[in-house]
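The structure under discussion is supplied below as structure tokens; questions concerning it will follow.
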Amino acid sequence: MIFITRKHHFCASHRLYNPSFSDEKNEATFGLCNNPNGHGHNYVLEVTLSGEIADDTGMVFDLKELKKLTQQEIIDKVDHKNLNVDVDFLTDIIPTAENLAIRFWKRLEPKITKGQLYEVKLYESERNFVVYRGENL
Amino acid sequence: MIFITRKHHFCASHRLYNPSFSDEKNEATFGLCNNPNGHGHNYVLEVTLSGEIADDTGMVFDLKELKKLTQQEIIDKVDHKNLNVDVDFLTDIIPTAENLAIRFWKRLEPKITKGQLYEVKLYESERNFVVYRGENL
Amino acid sequence: MIFITRKHHFCASHRLYNPSFSDEKNEATFGLCNNPNGHGHNYVLEVTLSGEIADDTGMVFDLKELKKLTQQEIIDKVDHKNLNVDVDFLTDIIPTAENLAIRFWKRLEPKITKGQLYEVKLYESERNFVVYRGENL
Amino acid sequence: MIFITRKHHFCASHRLYNPSFSDEKNEATFGLCNNPNGHGHNYVLEVTLSGEIADDTGMVFDLKELKKLTQQEIIDKVDHKNLNVDVDFLTDIIPTAENLAIRFWKRLEPKITKGQLYEVKLYESERNFVVYRGENL
Amino acid sequence: MIFITRKHHFCASHRLYNPSFSDEKNEATFGLCNNPNGHGHNYVLEVTLSGEIADDTGMVFDLKELKKLTQQEIIDKVDHKNLNVDVDFLTDIIPTAENLAIRFWKRLEPKITKGQLYEVKLYESERNFVVYRGENL
Amino acid sequence: MIFITRKHHFCASHRLYNPSFSDEKNEATFGLCNNPNGHGHNYVLEVTLSGEIADDTGMVFDLKELKKLTQQEIIDKVDHKNLNVDVDFLTDIIPTAENLAIRFWKRLEPKITKGQLYEVKLYESERNFVVYRGENL
């Protein structure tokens, strides 16, 4: 078994707040990230598959395919967007890096036809990142 | 003469559009950056001073001071903000990296008391950046 | 379960040697790192927690809190210091990256109140790093 | 137990193709990587060992030794080489990152005398990398 | 006046040698880079324009256009190629980073319609790079 | 004319203080960098030459030679050292990045036999760096 990873980039804006919280609680919980007019990030997304190497290609999964799949399922939807309002599969969550990673996993996982999705890693900045490996970790 | 640089980070959202343009012209001019609900970036700002080294300190300008100055004059104003609406010294411009760099220069330049401001470099992403060196370049 | 990581920086000096070794054995064991007057590094410290996401915040642990905790417990103690003599919780060890990572884990682990400490990763340089995940790995 | 990693660099050229495939199938499978005259990369290789820390040195394995070992067994063989024809232990495989990682593991693993080889991570570019942890993962 | 830069990536193989040199002189001059079967790199190309900011767009030159232009004129020609034999505008030179940078400049410079080409920066690796600013520097 | 750059790394410790200052003035001037037992950094040194390309080699200056020269004249002297006491050509200065860059220039400049030394760039950390281009800038 081997792990292969492809890195992607997108930039987007978001605001962290819970509409059922008071303004004070939103401020205390989310701090600067609660700015009413939003802020943004250059996100980095790493998608990792695990699997066996096919003898005739030396590959687990065609990286060109993985790139295209991630581009279509995720990057084209979120790049240069406002994550609170512009992305249909994100409108019901608080767009923290944690929640984004899980939703990205859920979109990609059923599309992986060789090997399996092992990990989604999402950098919100160079200093903060999250990793999700599915429910069966 | 020697050049010293201090690097800073901030994250912010923006939308590129000219209210006097038609929707079609805004779309043609600014492309993805014209998304009505905005998008965002992790910006990197490098501030460079030039000057003579003081014999008794081995320094041109106290980097602690430069850090504090850039923090107060720029980073505290723009970090976790929407650059179209939240920052008083940016509301009258289209917040391209070019325009941001010039405004940052104009805020910092009068505050430099030793040496002179040589360059403001602003990365909008790892792939795009601008440099401004003032009018007398 | 999800993993969240916060990256920190500090710079410090150290010397690697064992006072019970002969000079020759210290030289053979630690090489350049045995320089009597020491040398130093820009260390990078990544602290990773694992846990469940709280529904009402979308977060495992408030990153502002994690940042403050790591800053107080570790960074404020070791930044711009000599690791052989200036840091009370390090004076009885040889300050290799391995030993530092374990001591950092031991300081942080009891303070994590939501989720659990999963990993401490310490870069001594861009080319060398260590990872510690506790005794129950 | 702790993990220590040493990073190495090498540059090399390769071509991905399977001589038993038709030209069309090679093109469809390997795309741009099938260019008949080859292309190349600046590879980054990270070698990770796991083990117990020796009390008298604070180290799992002498990093100077690990560096020398990786240099001799791998880097000196592959750096500034054509991976399809110049490297005796690679001539029978398609030189994908996946296959390279496994061959590098097989060369290093028997030489590790303290602790054990835990992971070989090979970056083909900043955007693509693979990880191999041996058969007993 | 302001400077704007767009960064691009490509990977390619090359061999450095002068057919009019003896084997010994090629070896002495080009060292490892003279390997007969070639080697390769992940090149990074930064293209910088200088110019005035247009008031109605806040931009010197549309970065989308610059990206497209560099992609068409350079990246599509050299990416995943052997620089000694596959690229029509490079076959008569020794493909050192220095020579590549000048040829890239010559292809781009006539196509810049607003502002002017200021600099071509080419990284052969993270450790080696060249800068060319045209003949009138 | 073209510019070629070679990057080097070294790690070292230092303390910033002026023995003719009072303790209070040293503290006020150098802050954390005045820690009596020192601290340290992973320095990055970029050496840039300018010159004409030789037709028969496609190079300004043999990078292997530049690497060897910088290694001998600078890196071997400062790597894994205490810059206040271990390096003969630095003992009479306060080892700020500014002063180090100038001393490195002075050691290298007379040894450059083709082209000329254009710039010495010294990173004390990822966030702070200085540039020196000689007296005739």
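When the chains are written out, they are named A, B, C, D, E and F in that same order, and each has its own residue count from 1.
Everything that follows uses one rule, which is that a residue touches a chain if its C-beta (ideal position, glycine included) is under 8 Å from a C-beta of that chain, and two chains touch if they have at least 3 such contacts.
Remember, it's a predicted structure, so these values are computed and weren't measured experimentally.
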Task = State which chains count as neighbours of subunit C and simultaneously of subunit E.
result = D, F
Query = Comparing residue numbers, which of E-F, C-F or D-E shares more than half of the contact pairs of B-E?
reply = E-F
Inquiry  = For the interfaces C-F and A-D, which has the higher count of C-beta pairs in contact?
reply    = C-F
Task = Taking each chain's centre as the mean of its C-alpha atoms, give the chain farthest from subunit A.
result = F
Note = The distance between the C-alpha centres of subunit A and subunit C, rounded to whole Å, is 28
Subunit B-subunit C separation of Cα centroids, rounded to whole Å = 34
Contacts with two or more other chains, residues of subunit F listed in rising order = 126
Ask   = Looking at the whole structure, which two-chain pairs count as touching?
value = A-B, A-C, A-D, B-E, B-F, C-D, C-F, D-E, E-F
Task = Flag every residue of subunit A that touches subunit D in the complex, lowest number first.
result = 1-8, 48, 53, 56-60, 62-64
Inquiry  = Which stretch or stretches of subunit B touch subunit A in the complex?
reply    = 9, 11-14, 32-33, 35, 37-42, 79-82, 84-86, 125-126
Ask   = Which part of subunit D faces subunit A closely enough to touch in the complex?
value = 16, 18, 20-21, 29-31, 93-99, 101-102, 126-133, 137
